[in-house]
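The structure appears below as structure tokens.
Going by the order they are written in, the chains are A, B, C, D and E; count residues from 1 in each one.
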Amino acid sequence: MTVMNFVYGFIILLAAFIFQTTITGFNRKVTARIQKRYGPRWYQQFLDIFKALRKSSITHGWIFDFGVIMALGGIMATVIFIPVAGFEAFPNMDNVYIISYLLAIGMLGMAMSAAGSGNPWASIGVSRALTNMLAYDIPLMIVIFTLIFAFDTASVSEIAAMQQGMGILGWNAIRMPLGGIVAFIALFGMLGKKPFDSFIAPAEIASGPMVEYGGKHLGFMFILHELMTFIEVSLILNLFFGGGSSILVYAIKYAILYTLVNIISQVMPRYKIDQAVKFFYRVPLVFAIIQGLVVIFLGWGVSVWF
Amino acid sequence: MVLENQDNRNLWEKIGDYFSANSIWMKWYCTGCGAIELPPTMTSRFDMERLGMGPMATPRQADVMLITGYLSTKTLRRVIYSYEQMQDPKYIVAFGSCTINGGVYYDSYATINQLDKYIPVDLYIAGCMPRPEAVMNAFADLISMIKKGQANGWRHYQENYEWYKKNQLDSLEEVIIHDEFHE
Amino acid sequence: MNNPVLLIIIPLLLAFVSVIIKKAGKWILLLGVLINTVLAFFITTGETIIGGFLPPAGINLVVTQFTLVGVILINSLMLLTIIMSIDLVGKYSVILLTALAGINGMLLTGDLFNLFIFMEITVIAAYILSAQAKKYHHTITYLIIGSVGSTFYLLGIILLYHLTGSLNMADVAAKLPLLTTKELLVPILLIFIGIGVEVKLLPVSGWVKGVYAHANRLIAPLFASIIAGTALFVFGKLFVSVLPLSDTLTMLILVMSVMTFVFGEFAAFKQKQVKEILLFSSIGQAGLITALFISGLVYAAVILIISNVVSKLIMFTIAGAFTEKYQTDNYHSLSGVFVHNKITGIAFTIAALSMTGIPLLIGFYAKLNILIGFFHAGNYVLPVIVLLMTIVEGAYIIKLLLALWAPGKEGQVSLESFAVEKKQLLSVKNTAICLIVALVLIVGGTLIDTTSKIVTNGQPLLGDESPYFIISQSKGGE
Amino acid sequence: MIRLASLLLLLIGLYGVLTTKNVIKMIISINIMELGVNIFIISVGFITNGVAPNLTEHIDSSLSNFVDPLPQALVLTSIVIGLGITSLGLAFARKMNKKYGTYDLTMIGGMKDE
Amino acid sequence: MTFITVLITLLALSVVTYLVSLINNKLGAYFTIVTSLVTLLLLFLLKNSIGQLASISLFTFKLTTVGWYFSMVMVVVYFTSAFLNPFWMKKMIYPAAYNLFYLVSLIGTIGMFFARDFITLFIFWETVVWTSTFIIQMGKSRKSSYVYYVVSAIGSMVTLFAMMLVYQVSGTLEISVAFNALTGQPVLALIVFFTFLLAGLSKIGIFPFHVWLPMAHGSAPHTFSPVLSGGLVKMGAFIAYISVSAFAAYEAFSSSFTIMGIPAPIYIIMVLGAISIVVGTVMAIRQDDAKKLLAYSSVANGGYILIGILLFDQLAFAGGMLHLVSHAIASATAFITIAIVAHRTGTTKMSKLGGMIHKMPITYTVYLIAIISMAGIPPMGGFVSKWLILQGLADHGLLFIAAAAFFGSIGSFMYVFRPLSAVFLGQLAPKHENVKEASIMMQIPMYLLTIATLLIGVFPKIILKVIAGIQAEAGIQEIVMVGNTIVVANGVLDTFRVFVVFGYGFLIALVIFILRRKSRRVTLMDTYTSAEFVHTPELLHYSSNFYAPFERLTKKPYPVLNLYEKVSIKIKEIGHMAESLFSSPKPAVTIFWIIIVFAIFFLGGVL
């Protein structure tokens, strides 16, 4: 653990933020085009974030601030652990459990801060978000568990590396197709994209957890959202779509994956939260378990494809 | 209301205003008939996201409040309450003649005639109701005003708070009411 | 001094004295019981011939280690009961002395017909005692069932006499194996039912509830621990060492005992009156003890009898005090009664816990021996039943204890102010006795080696060779 | 024969206890039972053409047709005990009648025990 | 110093405590703190004499690492909870007895963990059961105490059966030797395994036996709930440990049917553990009472511990053992904070609380750290143990159990957040306007436990070293630590680094936050209400039906809940039947039965 590690970490943070915000801006345009609009400027997302940071803000007590900071801190720490195309700021720290549980501290911070505002919408939003998490995470974790069992490692970068060299056929999403489907669906839930966006639901619960945020808190939330998106997409990308052999490949794959999710989500309606839970437990969970059984008992898709 | 013309902003404020001008989130207060003019403004025909504008769920997040029509005394209380919850810098765009002079309701006992006696309006859009073209035009004007640092209604409200409060209390007796049967 | 006849003679004699000197009745009673208790500690094992005829023709008293335990136990308990309830004795001193004589006779006699006579003496005394509650219909019920039972017993021993030509237990025991099972069936069955009525085996003990439930502080422990204990000892003596049981009969009696055990505990679980809980629990325990005797686990049975009668003595005394002071023994109406009577409560609790078989109390030691004995006999079903019933027993005991200790509604913190009105349950003397007896339960359960030495005196009880728990053996050398 | 008769008496007594409601009748039934048992006891010791078991010079002690004396002793005791129980029972019955005004157990059994 | 000396010292101290309590119960309560502290110190000194044998009267003891480990956990929990005792003395109906039982149950647990033979184990076990039963009834509910006892009794009686069976077969009571006699007798081994484990299962609250936990934990005196959940529940884990180590379940069932290398009997128990994770999680999410919620979370965490210990390998076993500590500490902390809230406000119902953070920020922070650990989020203790368990499960490929573990771990976010939000965050009801922060005395245990949680989370080595010792003692592969890094076959974990990086991220965020303009403080009621004027804070507090959609999904409770009640009713019915059939006041009925018995026996004898 040297200073350089931290510098690298900061670089990853910055790069992730800039990259993801750009991609988000790009996708806002994509969305607009789907809706036959012109859409905002590609850097609109940056403008929004900086504008939010610029505004004045209110606070509902120390936890309202502390939660936001803790959320962003936790998410930033998680981003630092994400391996990008074989590049790791802190080597050997890319354990999939660390990433997925460290992610939770960010969420906890956000939830805490939101609930600390004393606004019932925020609490409802948090309750929905957590329920949503319970829905998508189980199938996803089972598939990840299958991967760990199959490759005998929980390191994200090692799993990513094992998929490379065989082209598209090496991807876990192809080797373990059901698992790939589960991961792809779960990504929607993780990103809070339609049809699993009921915890934001601006017209229903006034944007849920974010209801009381204005000014810099809102700006933090936006940054947080961008970084979280980066973590989640990267995780799925590394685990199921082969990661990337170079930064460029990684970025392209990333953009395609994210855009694909965005495009699909744009034509989706919204599930009620209990419907989402039911859906995840009916389809992806069954898929995940079948995939797990296939891998564990038959060994298909572990060492070789075909 | 007199808008300040001389530009005495420092560099940070200028940069900030640049961001503010290009990213305007609105809270549209759908009190009157003007609300129906906004969907076409937002969707593919006029697409106000081009300007970096978009709807937001709560006043805390929003930069601009659109008063889309006449205000009864009852709704005025809510408008004032929501406005005070917004974060600086914040702007108000008032739609239609009702907000300017009462419009067709000029002699109604239940509506107010002149909005800027109660809260600072940065921009009026004339018409009954203004069409989306007019609305888009007004937004463009608002953007340029912000860029120039001329949309200072929120500052004006802070500076003349007593005056506004007095007007509000004269008409409403009480802004934040404690009892739902009061009105 | 080792003539056990005195144990029978002295109470009888004093009973006559007590008739004459009515005023001093209770002191004579106390004297008699005291003498008896002291004597009980000094008798030694052996055979005493009465009347000069040698057995089998003559009458004899047989003192084995088994009877010795019974005699000491029962006489001491009698003493304690009398001391505790001396104020209630009143005109019953004659009856009590007679009962004492009958009880000692039952325990000591070596003759089947004498057993009948002593049993009748005891039972008649019991009838009269049961009338103390002035519930004459219950007394009559008891009387009728008891009479039928004794008639059966009489018929049974006469049949045995017919078959063997002897009434001496040892002689009969020696002769019976020569007879066929079928010949023996009816007499054994009749004797079993006759004793079963007194032992409180279930289908034939309808009298118990009526009599026990209304008995007072004096009568209730007398019935529950003294008479019941005696009956159990007699049962053990008869069915382990005298009467050979065929396999079928063993099985049937075992089933009946176990049924008594199970149903007794279940019925106790259902009750809400303290005395009714205790009486059904007594029935259940009696079932278990007979089952142990039938299975040949005499040591375990004796320990269980000790545990049970001592516990019941304390508990019934206190339960009697409930009725005496609060006119009810429904535990819901007695909520928090021990708040004001902590020491009484502690004694009651220890007794109850011992009954449930809590470690370091003698009930636990009994349970250990039961398990070890059954396992040794290759019986894996009965231990399961015993343990399941322990759970049921524990359940109603804890419910009872909680109600008596902790007043207040469900969902509220229990406070002293919710408790029933403050009354002193037992006098200081009685409280002290209860506590000391409770401590005996603890000591007996802790110093296991001593207990076993006292009970067995180094020789197997009634020829029971099955293993039992001793620390020095079980823990191995170290 | 006599044993059958005694058995019959026993059963009659049992039947009586089972079916009657009146306490007095029950006690009588028990008496009948006891009677049956007593007769049975006697019959056990009875030997046809037996001799009284008196040890005098007139009787040859080697004879084997002594009537067994023991049952007769037993029966005496049994009768005494039976008498005691009967009188006790009757006394209780009287008491009961005084308290409840009836000899019928079923009438009282239905009452609350308070 | 011998163990017997320690035991007798403690016994003497507890008697002294009792006597002091009789005079002044508050002073007595302080004595409980002192005594438990003395216990802690003495136990710490005993670490050097591990391996020592001791015996007194009926009891024999052997000092083992695992016993030491378990009893240290227990004493820490007892010691810290004891700080609350003085404040509850006037709410107790029997304060002196409470103090005595508190200490006796502590001694009971210690004796149990060091027991060398079955009888000692059983006696101390029952001591704990009874003392805790009598303590629980001093709380809100007698019924809970009753249920607690009954379920415990089911466990202990069945276990007694197993112990005596083993004694019968082996002729010895010594735990480490007795089980050897079972080799080569698979059926017997099976019976002994299930029956012996039952006490553990009932104590740790595994699925069909979990009913007592929420009732007892929920309504026990607030001072005792931390002990129950943090401490006593862990006694079950000890039984589970014996069943895999001394009993050597893996060797005993090596020839039986295996699932992923796990013998079927062990797998069945693990499935029960998995079910209790799911049930505990689902039920915890549904609770309104904070203590009940935490109690159900204990059910779920008990499942983790059981699974971990039963796997008995390098990884998951260490995880289970570590989870024992981390959950004990976290759960005790959480219960202590809730107890303090209850002390200040008089309720534990979440729908009646809210906004406590503004009145008791320290309590809040402590609770926050506790739940972070409980939910298994990185910088805290709970994460390391959960990580080890999950890695271990992945190592074995136990899919379904892992699924339950994931469910429990994600579900724990939901249930731990609920009290956080409903009790501490949200609107402050006006009636709680004058609530004060916990007093210094109450804060001490909170600080101690919080530090412990953090230490375990950041430097798990402290505990894992001991666990490695236990693993060596049990003869399995030891957990490997290189520096601060836990190195296992399928992953590495360096919690210190995680902590530092988290701190780094936090620092960056803090800097950005401070650099921006200061926020204006507004009141809690100045919040977005769709421009409606609301003046009742209670109306703006979202706390009842917190997870309404989820509750809708899990509306139908599973049938086992009523099982005990049904059995109890059935027993009463049979009892009533027996009573009315056999205890009629009419003599004719009994005579009838005499005849029937005669007839049956006669027929039986003749045929």
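Here, a contact is a pair of C-beta atoms (placed from the backbone, for glycine too) under 8 Å apart; a residue touches a chain by one contact, two chains touch by 3 or more.
Model, not experiment: these values are computed from the prediction.
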| item | value |
| --- | --- |
| Steps needed, at fewest, to go from chain B to chain D via touching chains | 2 |
| Neighbouring chains shared between chain C and chain E, ordered by label | D |
| Per Cα centroids, the chain farthest from chain D | B |
| Chain occupying the most central position, where position means C-alpha average | E |
| Inter-centroid spacing, chain C versus chain B (mean Cα positions, whole Å) | 94 |
| Whole-Å gap separating chain C and chain D, where each centre is the average of the chain's CA atoms | 29 |
| Distance between the centres, which are taken as Cα means, of chain E and chain A, whole angstrom | 35 |
| Chain A-chain C separation of Cα centroids, rounded to whole Å | 75 |
| For chain E, residues contacting two or more additional chains | 526, 528, 584-587, 591 |
| Residues of chain C engaged with two or more neighbouring chains | 137, 140-141, 144, 148, 210 |
| Sites on chain B at which at least two other chains make contact | 58-60 |
| All touching chain pairs, where touch follows the definition stated at the start | A-B, A-E, B-E, C-D, C-E, D-E |
| Chain B residues touching chain A - in the complex, by the definition given at the top | 16, 19-20, 22-23, 25, 43-44, 47, 49-50, 52, 55-61, 63, 86-89 |
| Contact set on chain E toward chain A in their complex | 260, 355, 357-358, 361, 364, 368, 372, 375-379, 383, 386-387, 390-391, 393-395, 397, 399-400, 402-403, 406-407, 409-411, 413-414, 417, 420-421, 425-427, 485, 489-494, 497-498, 500-510, 512-513, 516-517, 519-522, 524-530, 537, 540-543, 546-550, 552-553 |
| List of chain C residues in touch with chain E within their complex | 137-138, 140-141, 144-145, 148-149, 152, 181-182, 185-186, 189-190, 192-193, 196-197, 202-210, 246, 248-249, 251-253, 256, 263-271, 280, 339, 353, 358-360, 364, 367-368, 371-372, 375-376, 380, 383-384, 387-388, 390-392, 394-395, 398-399, 402-403, 405-408, 410-416, 446-448, 471, 474-476, 478 |
| Sites on chain B touched by chain E in the complex | 58-60, 77-79, 81-82, 85, 176-178, 180 |
| Chain A to chain E touching residues, read off their complex | 1, 6, 9-10, 13, 53, 56-63, 65, 68-81, 90, 92-93, 95, 97-98, 101-102, 104-105, 107-108, 111-112, 115-121, 123-124, 126-128, 130-131, 133-134, 137-138, 141-142, 145-146, 148-149, 152-155, 206, 211-212, 215-217, 219-220, 272-274, 277-278, 289, 292-293, 296 |
